[in-house]
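Reviewing the structure listed below.
In this document, chain identifiers A, B, C and D correspond to the written order of the chains, with residue numbering beginning at 1 in each.
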Amino acid sequence: MHPDHAPDVALVYDPIADRLREECGVFGVFGTPDAAAHTALGLHALQHRGQEATGIVAHDGERFNVHRDQGHVGDVFSSKTVMDGLAGHAAIGHNRYSTTGAPNPRNVQPLFAELDLGGVALAHNGNLTNALALRHELIGQGCIFQSTTDTEVILHLMARSSGRLVERLIAALKQVIGAYSLVVLTPQKLIGVRDPHGVRPLVLGRLGESYILASETVALDIIGAELVREVEPGEMVIITEDGLESRKPFFPVAPRPCLFEYIYFARPDSIMGGRSVYQVRKGIGRELAAECPADADVVIPVPDSGVPAAMGFAERAGLPFELGIIRNHYVGRTFIEPTNEIRHLGVRLKHNANRSVLEGKRVVLIDDSIVRGTTSVKIVQMVREAGAAEVHMRVASPPIRFPCFYGIDTPDREALLASRMSVEGMAHYIDVDSLGFISLDGVYRALGEPGRDAAHPQFLDHYFTGEYPIRLVDEEAGSRSRQQLTLLREAG
Amino acid sequence: MHPDHAPDVALVYDPIADRLREECGVFGVFGTPDAAAHTALGLHALQHRGQEATGIVAHDGERFNVHRDQGHVGDVFSSKTVMDGLAGHAAIGHNRYSTTGAPNPRNVQPLFAELDLGGVALAHNGNLTNALALRHELIGQGCIFQSTTDTEVILHLMARSSGRLVERLIAALKQVIGAYSLVVLTPQKLIGVRDPHGVRPLVLGRLGESYILASETVALDIIGAELVREVEPGEMVIITEDGLESRKPFFPVAPRPCLFEYIYFARPDSIMGGRSVYQVRKGIGRELAAECPADADVVIPVPDSGVPAAMGFAERAGLPFELGIIRNHYVGRTFIEPTNEIRHLGVRLKHNANRSVLEGKRVVLIDDSIVRGTTSVKIVQMVREAGAAEVHMRVASPPIRFPCFYGIDTPDREALLASRMSVEGMAHYIDVDSLGFISLDGVYRALGEPGRDAAHPQFLDHYFTGEYPIRLVDEEAGSRSRQQLTLLREAG
Amino acid sequence: MHPDHAPDVALVYDPIADRLREECGVFGVFGTPDAAAHTALGLHALQHRGQEATGIVAHDGERFNVHRDQGHVGDVFSSKTVMDGLAGHAAIGHNRYSTTGAPNPRNVQPLFAELDLGGVALAHNGNLTNALALRHELIGQGCIFQSTTDTEVILHLMARSSGRLVERLIAALKQVIGAYSLVVLTPQKLIGVRDPHGVRPLVLGRLGESYILASETVALDIIGAELVREVEPGEMVIITEDGLESRKPFFPVAPRPCLFEYIYFARPDSIMGGRSVYQVRKGIGRELAAECPADADVVIPVPDSGVPAAMGFAERAGLPFELGIIRNHYVGRTFIEPTNEIRHLGVRLKHNANRSVLEGKRVVLIDDSIVRGTTSVKIVQMVREAGAAEVHMRVASPPIRFPCFYGIDTPDREALLASRMSVEGMAHYIDVDSLGFISLDGVYRALGEPGRDAAHPQFLDHYFTGEYPIRLVDEEAGSRSRQQLTLLREAG
Amino acid sequence: MHPDHAPDVALVYDPIADRLREECGVFGVFGTPDAAAHTALGLHALQHRGQEATGIVAHDGERFNVHRDQGHVGDVFSSKTVMDGLAGHAAIGHNRYSTTGAPNPRNVQPLFAELDLGGVALAHNGNLTNALALRHELIGQGCIFQSTTDTEVILHLMARSSGRLVERLIAALKQVIGAYSLVVLTPQKLIGVRDPHGVRPLVLGRLGESYILASETVALDIIGAELVREVEPGEMVIITEDGLESRKPFFPVAPRPCLFEYIYFARPDSIMGGRSVYQVRKGIGRELAAECPADADVVIPVPDSGVPAAMGFAERAGLPFELGIIRNHYVGRTFIEPTNEIRHLGVRLKHNANRSVLEGKRVVLIDDSIVRGTTSVKIVQMVREAGAAEVHMRVASPPIRFPCFYGIDTPDREALLASRMSVEGMAHYIDVDSLGFISLDGVYRALGEPGRDAAHPQFLDHYFTGEYPIRLVDEEAGSRSRQQLTLLREAG
């Protein structure tokens, strides 16, 4: 190991420090007496999209019932008392990752507001790029914000609009810029909306008489619902007792769904854009084997996200696929803080080498992506210590060089390994015998496209290209503006 | 016991069900490195004014730090982590009683808002009588409310005003009607305001270089601060690094401080309006003995609030004063729900008879007030079972016939015993040999006045007279308006 | 204030640091379908005898049901789930003070053991003086101890005896030395035992068909039970479905009930040894006034325990009785740790001066006892700061010079102020103009005796005399033996 | 689906209801200043062996420090306070599954006892088959039991033996019958023992100067320790400051390590008996393919335990291996209780079909074992609903027909599907087109043996054969004896 890697060792204690994180999963259902239970199950299937906090708002014909808390869905909604309190024939729910600082209970979604026409609850997946600007403007007009989420601006814009709730929602959304898949609950309606580019996913399902909205199809599968179709980019679906109405209230633009949903975020058993995520990942592995072959004995995935690509790579390369790294699924986010002595052990809370398939072997190691590189350093070191003769790393996504502002929590640009050094430099840094990344065209091919259409790219891929199709209003205004807010910090 | 009293027996399980309740205590301090600790101590001394929830907001020069929770001051602020998180040279705090329904964590004060000029935190003792009307109007204008407290309208009115924070606070207060003693914290200022009638108390103290605002003088005593003076009715004091400024922004009216602070709410060791509360209560007891003497052997207080009046009564009547009822101070608000069997025992969680001074005696029983009468029924029954030969009840306040809308939680009018029956009827109901109430003039005399000035009453005394000097806007609009709100109910 | 008092100031944060503490209260009931609820109520009435932890064991005809936890009775037994789990027609319960170090959940009583004849549960008030010797012996014989209470030796001695449970209990108790009032529950019996000297109280009551055992009569009062009689010193009462049987299995000795129950521990509304505790305390006050008069204007009690003696003093001395010190009943045992700044304020969490009756007055201050003297220092300082012209302290017990080993938690001898200095020294230390203690004969007279019979003292009074009638086996063996135990310390 | 399967549907809510469960994992370390942190990490790597409760006892040279609680290792030992309280240079730890009824905090290991020679702590993996008989005998001799674990009898037998601690431990173990791998901590020693048959695993590791004992090698890997060797069946290793001593105090018998460790319990990355568990499982898959081929398109594992066997099967059969079932790793043991409506949905909390590799395919489904069969019914139904044309189930263990009494929690015999019906009947019940089990000889071959030696079987395999080499004393005495215990039930 290079001596300059030592400071990284402790990072293994935060097993997700070197991962990209999706911010949210949303779910909504209309027209079943057990709406909250359906929602809890749907959120459970979407747990991978956000594990810090979760909430459900149900409407029982008279009023909104809410329960929001930090923790996993299975814990937050395990008590009969809680579920009994969530009576209603319609409900929406939300899973959330924290993106900044200490978690604040006021930020747990769905958010709720009482307007003059009645109450409205709202859950949001995505990120608005002009939320700070709007927030400053609204505060200047006398609005009082209770959360620090970008989502709350939508509620204030609705509160200050006129007309019926749907018109207000449209009016509000015409003022925001960014990525959003929203589920909205009013006393009579369940509404789903996807931003004009369709950055974040949102699907429409059906179970008997009830309609369902969800971030991924796995949330339909868990309750045995069938997939009707995706909510289209720029579409608003309005579900009432009378059925489903579709509107397209926004100026149409070319869709740009996020590439990273396919590469990493979505569950492999999800169907997205008509494609099996699992098959896309295997296809990327095959393209990767064709683009960057390796003279090796065995193909080893970094589990769990690297598994399908490794299977595809092994298949195309004609090499055996083996589970050379075993993942401990009991790892949570909290664990003892290491003492110095423990720190120097290079403890592996999350992964362990399966020496029996590594010893003496030339190994192709497949990971889905490289972010900071700290995890790769550790994994490679572990594989070498288990006796691997050579380590050839192959990565199932192009080098990540640019941060995301549309709902993925990426480190600052300077922390992205690929923005700091060349592929050769990276290979040296993570101490591999060779390093290869799939090309962006390769990813597009695995998605069934002939390649990336440079004039009209089919997907959102700024992490690799730096091309941001949706304007970054707050970012342009400078990060200084972020600090003008007087923060109310919850103690204890 | 009268057979129609049986249903009351279980009520003893809620020891405060038959008490009037003050809604709040407030405290603020400016100019000490340990502002939150001072505030916690001050709130502890004011615990009797609100026991359900408590909160502190401190400002550390850069931002507001907050901790609010349900429970007693000594529990909520016992952890070093919590106190360390409340750094600041200025702080405000609040103790709160819940007045309606389930306690809602969003209602715990101090409330906070981020305005375009910076943040503001606010703690309120009192009750606004046009809060609902203002709330409807503000929601109609697009405001989003997060709490159900009347206090939040002040924040919204400030947010929608223009000018500096102090001007905005004045503008907001000019729109509200009702009773309020407020402490307000901004990044540079600590502000105290008392409504024009001065219904709720607010005192100004000093400890070294720092100024203090508090509901009662006992909150100064606990930290060794000296009393400077009361904040005057209609006065606003603004404390900054440069010292104290006093303003009188409101149209002046005759002060009407609440009589019940003297009779029941304030701690006996408080000085209020220049008077010792303890001495006022003894004085009421003396007046009561003069107005309604009794041929008896011993004077017995209902502890603790009836003790000073009983001492005054005994002194004037020349009768021995004895502790004939012992109070169990460990009684909290929660206890096992009684089974039917237990219910029929007539369990006495809070009081027990001291038979050795009651047996065979003609007893004068002194209580501070009669609200529903259920407690009196039980106390009298207990005293009789302990062998009292006769029970003559003397009450240290006039009959309570009218509810309060200025910050005291009273039952509906129909539940007030004195509004349902004559003094003779009451004597029969609570089963005493004689019953006497002090006159309203007697109370005024004990306060050092020649009597009640009918043209310009010196105190707020609507509970006895039905005369409400501050307009009851929401009440006049009808209770129906209360139900137009869509309630968001927290489950679990 | 004397400069050497400064270090004491912080002690005010632990309001009970300068108090003697009784270790326990016990309760048992047999023959009611709601035995646990009765027990919870009885323990609530005995809360003053132990506030750290509480427990109930009930027997439902088939098995023992138990709930034990730290906290007040009203909190530990407030949940329906807990009470529903405590089904049974017979139950025993226990309130406990911690005497040493960190509280250990394994020490919470009642203790339980499964013997070859069936299970047995046991709750103990008092202290065994040969528990350590027996423990060492039993461990040497292969016994495994789970708690560090002296009480557990009784269970082991029972387990190793032969015969029926009652015989085993007698055999066990014949081996222990010390003070004990026990309630014992077996599948068929409720048993009460008091040690031969009758050091700790135990009364027998009746409610309908059910029998009750309790530490004090107030635990009968709360459920409306009548007092049958006291369990006699050395008596064992055995309650079964067939009624009550009384046995006297021990060698008879002269009774020596503890004097401090009258002076301080028992509730004033309790009847003990046929005497009203309240009247005894008033009587002590009268004797004190006769023995140590003072030229003064007003008599002020240190609340709450000094109140009856102050009333008796005032009555005999012909001086007015006033509440010159107000106690804050919300004080718990936890509160913020003071910063240095706060520490120097001399904060008064528990007591506040009522200036209106102290200012300019020559005050007689009545307290029940002086232990370390730290509280007295603070109280006197507070009274002087409130303007008292002179302070004459009168104490309702003789000087405490010797520790207790029979169930009262006293400091080491060197920490007892009266064992360190003369009365004059004490007066100087606590800064009073005069100081007087009642004589031991005076206390005996207030109890209705002609005085202390030096040959056969009627009460246990070693705190004042150093005469220990029950052998101190462990103490004689030296405190070194205490440390031979390998302690299992619970972390976190 | 067969109509008689309906009642099973709800079972999917308890994802482990149809799994065998190992009862424990143990760990010990001697000779490092950070013994508790090492132990916490080791227990984390052993989390799969017991997830209900965990505990650590450390010895710091003066005393034993303990922390035991319910929950996962990462949660129970996440706080700095807890870890700081566990100072010591030696420590042992334990992970535990509950086998019967409500979890009882007194049963959480390590257990501790103070003997006359000093304290001893003990953690146990395995099950004693004469614990109940010994318990009755010990209670008859006056022992008091505090837990209901079989392990506590070892402590009592030690307490009643004579000689030094090691001699006592040997004396105690000579009286117990059953399966045990123990780690024992005394003030000077760390001891590891394995029963004469070596049923449960125990390995010896080394890290610098410190020795380590652990159930599996993965607990060495996580802290970077090296494997020295296995503790041998019947061996006791005694680790002190002077190094390691090995003793063989028991009558030697032929080793019979448990076959199910290889099939299911151990982590695949563990080395057991010199064999890679992963490779053994792949080998079983290969044997299975040879013994029970299937005419199919794709091999699908039931994740996670079926994965290696499926890889081996696919390799030998020359069929593609695909992830046709995706497991949701967020499933805990608690979740909302299903309403009837939800129940009928056949919700799949734990598994979801990956339709893209199942649709239209003839599927070979590989699971590690069939216990009750309820999970198989659901899995097959799910695979069929995802479009599989045929389902051929192949099982990587022989039919389980007999319960285990040596530390695996199996259902009663009548609940084991293979003891209730033939293979044909099972195929019909779980609705597969064909069903095949590996032979017992096949399993032995995968372990490197020529086959099962019927005269001297090399492994413990009673689940398949009904041959119990260790006497079942309590079982022979009848289950009636279990109920003679008076249970103390913890309420609330």
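Throughout what follows, contacts are C-beta pairs under 8 Å (C-beta built on N, C-alpha and C of every residue); 3 or more make two chains touch, one makes a residue touch a chain.
What you see is a predicted model, and the numbers here were worked out from it, not measured in a lab.
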Going by the contact rule set out at the top, which chains touch both chain A and chain D? none
Which of the two pairs, A-B or B-C, is linked by more C-beta contacts? B-C
If every chain is reduced to the average of its C-alpha atoms, which one ends up farthest from chain C? A
So how far apart, in whole Å, are chain A and chain C when each is placed at the average of its C-alpha atoms? 61
I'd like the Å distance between the centres of chain A and chain B, where a centre is the mean of that chain's Cα atoms. 51
Averaging over Cα atoms per chain, report the distance between chain B and chain C in Å. 36
Residues of chain D that touch two or more other chains sit at none
Which chains touch? The pairs are A-B, A-D, B-C, C-D
Along chain A, where are the residues that touch chain D in the complex? 32-34, 37-38, 40-41, 44-45, 47-48, 51, 72-75, 77-78, 80, 83, 207, 218, 221-224, 267-269, 271, 276, 278-279, 304, 307-308, 311, 315, 320-323, 326, 328-332, 334-339, 341-342, 345-349, 352-357
Give the list of chain A residues in touch with chain B in this complex. 57, 63-67, 69, 79, 81-82, 84-86, 112-116, 118-119, 136, 139-146, 155-156, 159-161, 187, 485-492
